[in-house]
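Two complexes follow with chain A in common, the first pairing it with chain B and the second with chain C.
Now for the complex of A and B:
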């Protein structure tokens, strides 16, 4: 009899424990209905680099991955020690689940991420590294879209000279410049390439001067990564922008641009964080650079808007076929990150 | 490297020199007038940014470039008024005033810009266009370099003899120079030191504001913080390198602009030398000039020293 009593006691106790654990699980799951994200911007929300990240975040918010209510906020452009301060303040507040540092900052992340194991830290772009755990690394390559635009430029250039005004000769800048020229060379193998770096993320004076200088040396189409179309307008030339659709700045010259789409990258981070919060799976941030191809939604080509008529129908068809081939995987754009030079 | 000496490249380098020179020259010549009056205004960078921002807002709102340029000048004058009040009336340290204003304006213009764009696409404007001087523009090489520039470039070059004449051939100019050397002499004559310092800095800062407006309307299609990218500081260096003389300042600005133009073009040709070296040239040149000219300076004796009766 005593044994039966104890047996029932055990059953009751077991039921209570199971109930409590189940309740805790439900309550725990209830907490992961929300995710709050902080984005530390480097260059300002008007810059293509930052603008595209915020736009993607807004789309992901609407998509509600895992049914999560996403809230986010972003900073004014900051750099240097202020980034470290901002990151620490966000983490210390306890209000943020994911902190995205939209620049080269993994060295700073690695100084604090272990102190806040519940937070996912993300650094973005070249110049970073990652040790995994709650540290993630997003990389962006738009070289495939740049290649397609290079094919277009190769067909449309009359002088056979194409110019590119870059920011810094970084890995994720060089890749798209090289791909652009590679695309153009499939059409015009003897193409002359002109490349300038302003050695700054923003210096409109230098960018305008370099554009003008390239034009004076024969370039009749400019791919500008330096966000300034003033010289294109002055010389009435068709130009390509970079990372974002900036046609509103210069509707008469901005033909198109490779556009960065971050949706998949953001979702990947949210997935990792959610798995940790919901299922207790340790965060396992990527230690190698990970980028999303055009086929997988990592980049697109900006629409031609009002300048579509400037592209002859046969060239447009070739361009569309190139994009389709990239999207289908039939065309693999070679990745070349060597520093491009002028011919 | 030999490509650098081709005719088209030389023309492009020289034409680029004049374009790059324009905003720095406005700021440097304006600051020269200010410094000749004894005020060491370190707020040139901030004044340029203010001029750029105000001209951007007016250009996008009014679609009138003359109005935008005028507003850039006026905003510079207001900055000058503030600096004059701080340095001449309150006699605050000139360096602290200028540096403080640079920081304030950097943050303030950015804050106003945010309010102005309201999270949307920044409004756009049509920038300044080149103006070809009839007949002269058709002269081979020279025409393309000198006579096919933006109108403000011609005005910037003209400002050098005009300011030179003002400083050395007019009574007001003499009084302003006297302020920098011996303000007590002005005071003893019963003339107002403060009034003349105010006039000098308002004129000088107006020109600096014009430099900022040119940078905005002649070079860029959008406003960005730090738009000036250190050009205000280069203007100050040009004054020192130019030994506080209009023609010297003009020469120094011309050298800086030429070196930057060369640096821009070196990348476009297939040069074997790393282009970063050329980017450092204007700054290297300024340091070398400062070292070479350290004993031959015409620095006003009372520059940066608040005047107490």
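Now for the complex of A and C:
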């Protein structure tokens, strides 16, 4: 039989252990109140691709997932092999919990991620792969929003010729161009499509040349993925931008754009990292391509701003219905990543 | 009275003085640029030092960045010494990389060193073939080499874009990213071996140094080197001597192209390990600056290449640690080019103080 003295000893010991464990938990939890994120940009914050990531990060910061205080910083444009040096530099400093490389860089991530197991490494977009663990991969498709804008363009074009100025013919570029034309063809099956690629991820000069060329071939609405509206202004045409709302560049011509929203993707990475830090659950980055649909908040269509009056009410209604159908899941936009060609 | 006189022979102390002065003035102007952009100047210079020289790793990184620049700089030296203004180094880098990649697929399975030698040889061949094209256009159709090389650059860059952007060398990933601007990774045994236990510096650096030594020997110690220099001074006189200047031009452009092609090999098989445009972009054009700053001498090009490699490695640290705007880095490089060109001119003159003017 246990003596009373021993019984009290056990109670005291148990209390001390509980207290220490509780304290450890509190201290451990205190360590995961903050998360510091580095974003390596490819093209500069003025480019839509990079701008949307930074904007999304700011929204996630305000949302404070898990009550985390998020601090982040982004770099000047870095590309090529220097990206690996930049990632190593951030990881070595020990100041960053998540390193987002906003471009094709999984080759480089896979060379260094095992050396920094506490850090979550993220590659973004096409040309990547992921082996999981502390390596994550974010993908983006805005083809559903592009489809809706295609429907709009199909109704509004007078010449029946639609032009698209693309960057490179890549998987996540082709998808939205094809969807745009598919949307337009639901209205005008005999539509003529013109496609040019500037062979650069960001070159507004080349974009202007290509846009002018398409206009001279009869296109009266241009979907530009390459951020230049000068030719649209010169010809007084309505144009669509891509990825970000760039209407401030050209309020008189920028009608709308499919917009990339990364909030869900960023939150998913933070969730994985937080679970690892807080609960010791090993990081389990996705090995398959993951993208968030329009219905789930992965993309939206930019507002028409001051040009809403240029859209006839009946066409506006058709457009709104298309968007609503996509959002409700009644309309599933086909994913076509084949390289689009001019007619 | 103080006047300037052209030197009949170069004076090494004076040369060192003017180039050091160019360096100092370059750094002063860099500081001014950094200040004008609101950057913390000591922090920026410390970041530059940290990224380029502060450790063995940083030095290896600088030498790695220097490797293709030394090679494209040498390609510039060979052509420009003969006053052949070839701007084709950029395209020749791409051609070399593509040709070497082709060899790596073609000779897959060959014994390691034979495989590597074939990859390197095909790289040189690819660059050389573009040189032949420019030479033929110049010799047969009197097409100015500046025009032809720039045009060929565009063609070859877009050809690579086709090959890896939907063409036969496009990466087919197992995760559905089917079309992208890169090839599959090169096989492990095609990669250039790393040197000194580094994971940065590779065999390509030795190749660059050997090429520079070979170019030095060629230019200063062989009849062909004499013809290169003579062509630069007076091609008409060279023709009267009995030299077939068309043939000389052809050989010079072949050699220049082959060396530039090697730069493509080192970059793809030593660093990026995939054939992709972004890994090659700008190496040829920067090589022209490197060759010019190196005084159009092979050994000077090694020094200039290493300086630019250090700048490239340090520039990243400047961007990340000191938030130096990206656009400032090429501006700084351009400024150094300007001051070094001035130094190159100043090195050929001397200051003479004479008595009173009468």
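In this section, the second predicted complex is superposed on the first by the 325 of 343 C-alpha atoms of A that agree within 3 Å, B and C clash if a C-alpha of one lies under 4 Å from a C-alpha of the other, contacts with A are read in each partner's own complex, and residues count from 1 in each chain.
To be clear about the criterion, a contact is a pair of C-beta atoms (placed from the backbone, for glycine too) under 8 Å apart; a residue touches a chain by one contact, two chains touch by 3 or more.
Source: prediction; values computed, not measured.
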item: Overlay on chain A: chain C relative to chain B, clash or fit; value: clash
item: Which of chain B and chain C A:44 touches, first, second, both or neither; value: both
item: Touching partner for A:288 - first (chain B), second (chain C), both, neither; value: second
item: First (chain B), second (chain C), both or neither touched by A:267; value: neither
item: First (chain B), second (chain C), both or neither touched by A:242; value: neither
item: A:128 touches, of chain B and chain C: first, second, both or neither?; value: second
item: Which of chain B and chain C A:212 touches, first, second, both or neither; value: first
item: Touching partner for A:230 - first (chain B), second (chain C), both, neither; value: first
item: Chain A positions touched by chain B in one structure and by chain C in the second; value: 44, 76-77, 199
item: Touching residues on chain A, where the partner in the complex is chain C; value: 44, 75-82, 85-86, 89-90, 104, 107, 111, 126-130, 168-171, 174, 199, 287-289, 337, 339
item: Contact footprint of chain B on chain A as seen in their complex; value: 44-46, 76-77, 163, 194-197, 199-200, 202-206, 208-210, 212-214, 216-217, 227-230, 233-234, 248-250, 341-343
item: Touching residues (chain side chain B, partner chain A) in the complex; value: 8-9, 11-13, 15-16, 19-20, 23, 110, 114, 117, 119, 121-122, 124, 126-127, 129-130, 215, 218-222, 224-227, 229, 231, 260-261, 264-265, 267-270, 275-276, 279
item: Residue ranges of chain C touching chain A (in the complex, touch as defined); value: 51, 61, 157-158, 161, 165-166, 171, 173-182, 185, 199, 271-274, 278-279, 281, 312-313, 316-317, 319-321, 323-326
